[in-house]
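Each of the next two complexes has subunit A plus one other chain: subunit B in the first, subunit C in the second.
On to the complex of A and B.
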């Protein structure tokens, strides 16, 4: 059998040469791509550095100054911390409320959109691309953009934030839900169709029981994301803990102790909800639900 | 004329699944449709229930053409024409009684059914039907927790809950063991005899068709190649229907328990085959 590996006829020399040529071309392309990438990185960095007000190299050394000042000021006034936690707790509740309502509304809208855009389940099969693009648009527009527009129209407060997050959530969850729907068995749906059930009855009684655990799992994940989103929207005037944070964290007001308390609250809230939701998601996807 | 099927044709692309099928029924009966897989049996039943649309032809029930019903009228017809499936097609995560109550979906408002609000009378009737089929004690369990034979009986209960004029059964025993197959076929026969409902069943074993049906229709390649009483269904005819050669033996594929127990009968069949 050693012959097979050792033998090299006139045919194989051709193949060798051809293969080597192929490899060299691949290496050339690889090298070119890498150098273009490096060039882009360097030129982009230089451009950004020249536009930067303070200069990157000057600023990078001071990167820890701000956190150090926050921590320093907060530790000086550590005695005030429990008081601050109590003061800002209602704001945290408001933020969580915004997240919860918008997750619920968004999930309901997303459910409808996902059913309308799943092949085999859709009420109007020809409209599937329309509903898919609609969800793409809803996902593509950042929450903060919608919130800014709505705050301008409706005035500041939790309602514009809720609408903005719900809109984005509907698009994001609709996409995930429709992927879940694709894995649902069509047999129960057909069974219900054979008794003369309407589309709504087929979906609600035939599809939803199958997909509910997965929907809930994705919904909980989205809830975590929406808590962060609603905190950020506070910065643009949507109320909640984000608004308080924006006020406290502005430079030179001596309110860094409050900022630290808010960070602690936010961090704790996100950890708590992350733990709760991962617990329930494990149970749901583990098949015990 | 109770049911008349006139020149019904269905094509999938170039493939003729059902080819110019016609037959008529004067009065309620239990009919078996036999034929090998791909003969168009399932497609035909699905057209009667309007799960699949026919290309041409007419199916008249009590003189009304049901192939051209639309929307609400179509759903009302589906509610009069119950269907039983090979894979039961129940909602697995819902309890047995809810699955049976699904038979009333067409008569109740969408809103009420979405919140599982069924009249108490309906719930009692559902449990009575389950009792009649011998599975009342399974009522609160989830459908997915039941055995195949029990699930198929739940599906029959759902069909009965519809109070239908016709019951269509698409290979109702194809995924069941012989014992459960017998229970299910007996249930269908009883429903026909006691309630006088018309039953049309696709069957894949000849002995089942012979034993339970009043009339047997044989299909091959989408066409009807046999239409007669079970007595007329000889081994020769069966060979024609299935396009089999002389080695074809009924006992080899039989699901009835007797067929396995009587080698004498098998010998007779083999003798028939050699003649």
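On to the complex of A and C.
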């Protein structure tokens, strides 16, 4: 007590000086971080520019050439548009089917993996790290890698894309699901255990009902992402609307009206499913909170 | 409430539960059955190329060395995977190939041995089967084999003899006689055959005598490893760097563009309703158009390369970030802003000191999460536009023979994504935790 009062005299100026010094140092660090970041951005940009086939400043002027061409040709043949939309609709359905099946399969696999890797629920507690690493690896592999390899073995078509996306989805959802599982109450599980339920029954009757709304919400979000992914995989030969898009584009001028129709379909599908899924997700999470 | 109504209620609830419990799996099952037929999964077994799968798997953990004799000139060449980059220089040969006065003996191990004789014929001693001789002539390949009783591992036609045993493969045609011997591992991963460091161990390079008189051991070894013609380590490293660069530029650029726009799109900051509406539609549009279409459009303007990929990521993510940032802005606490305002701060200062500190954690964690996920996207975009490791991967897959390179790239991609995952998690913990304790 005596010490504090003894120092109280010159303290305020001291504190002020310290404070200013602290602020200054903080500003310096902040400025340094910011300038390093700016330097990284600028040099990265210049590097990327120099390694690109066409330069940025040359390209930025032409950026509207291709869309203008496509729109021009599409508006010239606007009468054919409804026909094209009908022609490519089955391809769109295939793309959506790929996304839906892979989300379903991935979610099922992810559920199993997440239950196996959650502390307190796992069937084999010693294996938890193993299943976690497995999910990390499944998440880390980009879909295109598996898809390309499988296309070589299985031939083109929707199945390679489906397997590739499902594999990645299982890893991604598994991680999110296991975070949900950690918040699940263990009381129903213990209750079931006390009456002699097997692990499967405990999970199915004790855990799943608790976490289902969150699972569904994550699953819907994943479905949105997977529609985009399956369109991209189509572009490398896995069927669906992406494949048709690649054909229309590589044909070049004269088929751009078809490309425009595919753009419209893909854009519409993405927006519609975004809206639907965000509506349901809001309801699912809103009902809980 | 009477017992009857309660009972009826319970019954109704049970019915609903039952419908849900059986209906939902039923719908899923019905959908899967539909897909089973729509995707023609039953026909998949016929279309599947199991031989392709076999080469793929075998190639990814083993390699073969070709010993080839040109039957017209009698010239002998030995090359790893039959590629020029893997050819043994003249006069050099592996230990299992011995040349004696025109005749060449190729030892395939386990008692299997192939002789290239001076008269142009070939003799293969298969243990437990006896010697097979074959001589390519003007009328096709002449052999001592009985065409009636050929085992399944020998394939004989008029102009070609192919023998596949567990030790290796031999093929004789009029033009050339070839022997393949298989080895475990990835061939010439460190040094190609023309490098003086080929076959030298790590200890020998680091501590041993100078191998190449012109260069220091470590510098020379690093140089030869880096410029390895077979694996092109320098190009691969560049490609990985390009992929990460795409993800970095795209994510950070998107965040920088989206942040000011998000202020215009947030309900509590934007005075203009029409501007808010317009910006939101722009966000929805760039997000909805999707990376694939942006990639196509941009690669038309900028050509293939990392810039195109970075811009495609930037455009798509500007939409996603704009949406998330504006939502975060709408949830900020007004009290802090009012507090700053009460000290007489101008609007820009209010944003800087009242708003930004509040949303930084949300913002940073989103940006860092996207940085990791965009590393994967950059691989995919690179495969479409031609840039980064994605391009190398597609090229290696298209040639359909360098599967060891494909597996090498896959391993690298997985490591790269996991590294970015770890890095973004580490930064997130550091920055966000640091902010909480520091401010």
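Quick note on the criterion: the second predicted complex is superposed on the first by the 265 of 289 C-alpha atoms of A that agree within 3 Å, B and C clash if a C-alpha of one lies under 4 Å from a C-alpha of the other, contacts with A are read in each partner's own complex, and residues count from 1 in each chain.
Keep in mind that, in the parts below, a residue touches a chain if its C-beta (ideal position, glycine included) is under 8 Å from a C-beta of that chain, and two chains touch if they have at least 3 such contacts.
What you see is a predicted model, and the numbers here were worked out from it, not measured in a lab.
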**Prompt:** Does subunit C touch more residues of subunit A than subunit B does, or is it the other way round?
**Reply:** C
**Message:** Is A:22 touching anything from subunit B or subunit C once the two structures are fitted on A? First, second, both or neither.
**Reply:** neither
**Request:** Using the superposition on chain A described above, determine whether A:197 touches subunit B (first), subunit C (second), both, or neither.
**Result:** first
**Message:** Looking at A:187, would you say it contacts subunit B, subunit C, both, or neither? Reply first, second, both or neither.
**Reply:** first
**Request:** Kindly classify A:154 by the partners it touches after superposition: subunit B alone (first), subunit C alone (second), both, or neither?
**Result:** second
**Message:** In the overlaid three-chain picture, which partner chain does A:210 touch, first (subunit B) or second (subunit C), both, or neither?
**Reply:** first
**Message:** Looking at A:86 after the superposition, I want to know if it touches subunit B, subunit C, both of them or none. Which is it: first, second, both, neither?
**Reply:** neither
**Message:** With both complexes overlaid on chain A, does A:34 touch subunit B (first), subunit C (second), both or neither?
**Reply:** neither
**Prompt:** Looking at the overlay, what does A:67 touch: subunit B (first), subunit C (second), both, or neither?
**Reply:** second
**Item:** Shared subunit A contacts, counted only where both subunit B and subunit C touch the same residue
**Value:** none
**Contacting residues of subunit C [partner subunit A, same complex]** = 28, 31-32, 35, 38-41, 44, 47-50, 52-53, 56, 242, 245-246, 248-249, 252-253, 284, 287-293, 296-298, 300-308, 310, 376, 379-380, 383-384, 386-387, 390, 393-394, 397, 400, 406, 410, 413-414, 417-418, 421
**Asked** Once bound in the complex, which stretches of subunit B touch subunit A?
**Response** 49, 51, 74-79, 82-83, 85, 87-94, 102-103, 105-106, 110, 113-114, 155, 158, 162
**Item:** In the complex with subunit C, residue positions of subunit A that touch it
**Value:** 37, 40-41, 44-45, 47-49, 51-56, 59-60, 62-63, 65-67, 94, 97, 100-101, 104, 136-137, 139-145, 148-149, 152-155, 157-159, 162, 228, 231-232, 235-236, 242, 245, 249, 263, 266-267, 270-271, 274
**Message:** Under the stated contact criterion, what part of subunit A meets subunit B in this complex?
**Reply:** 185, 187-188, 190-198, 200-201, 204-206, 209-210, 212
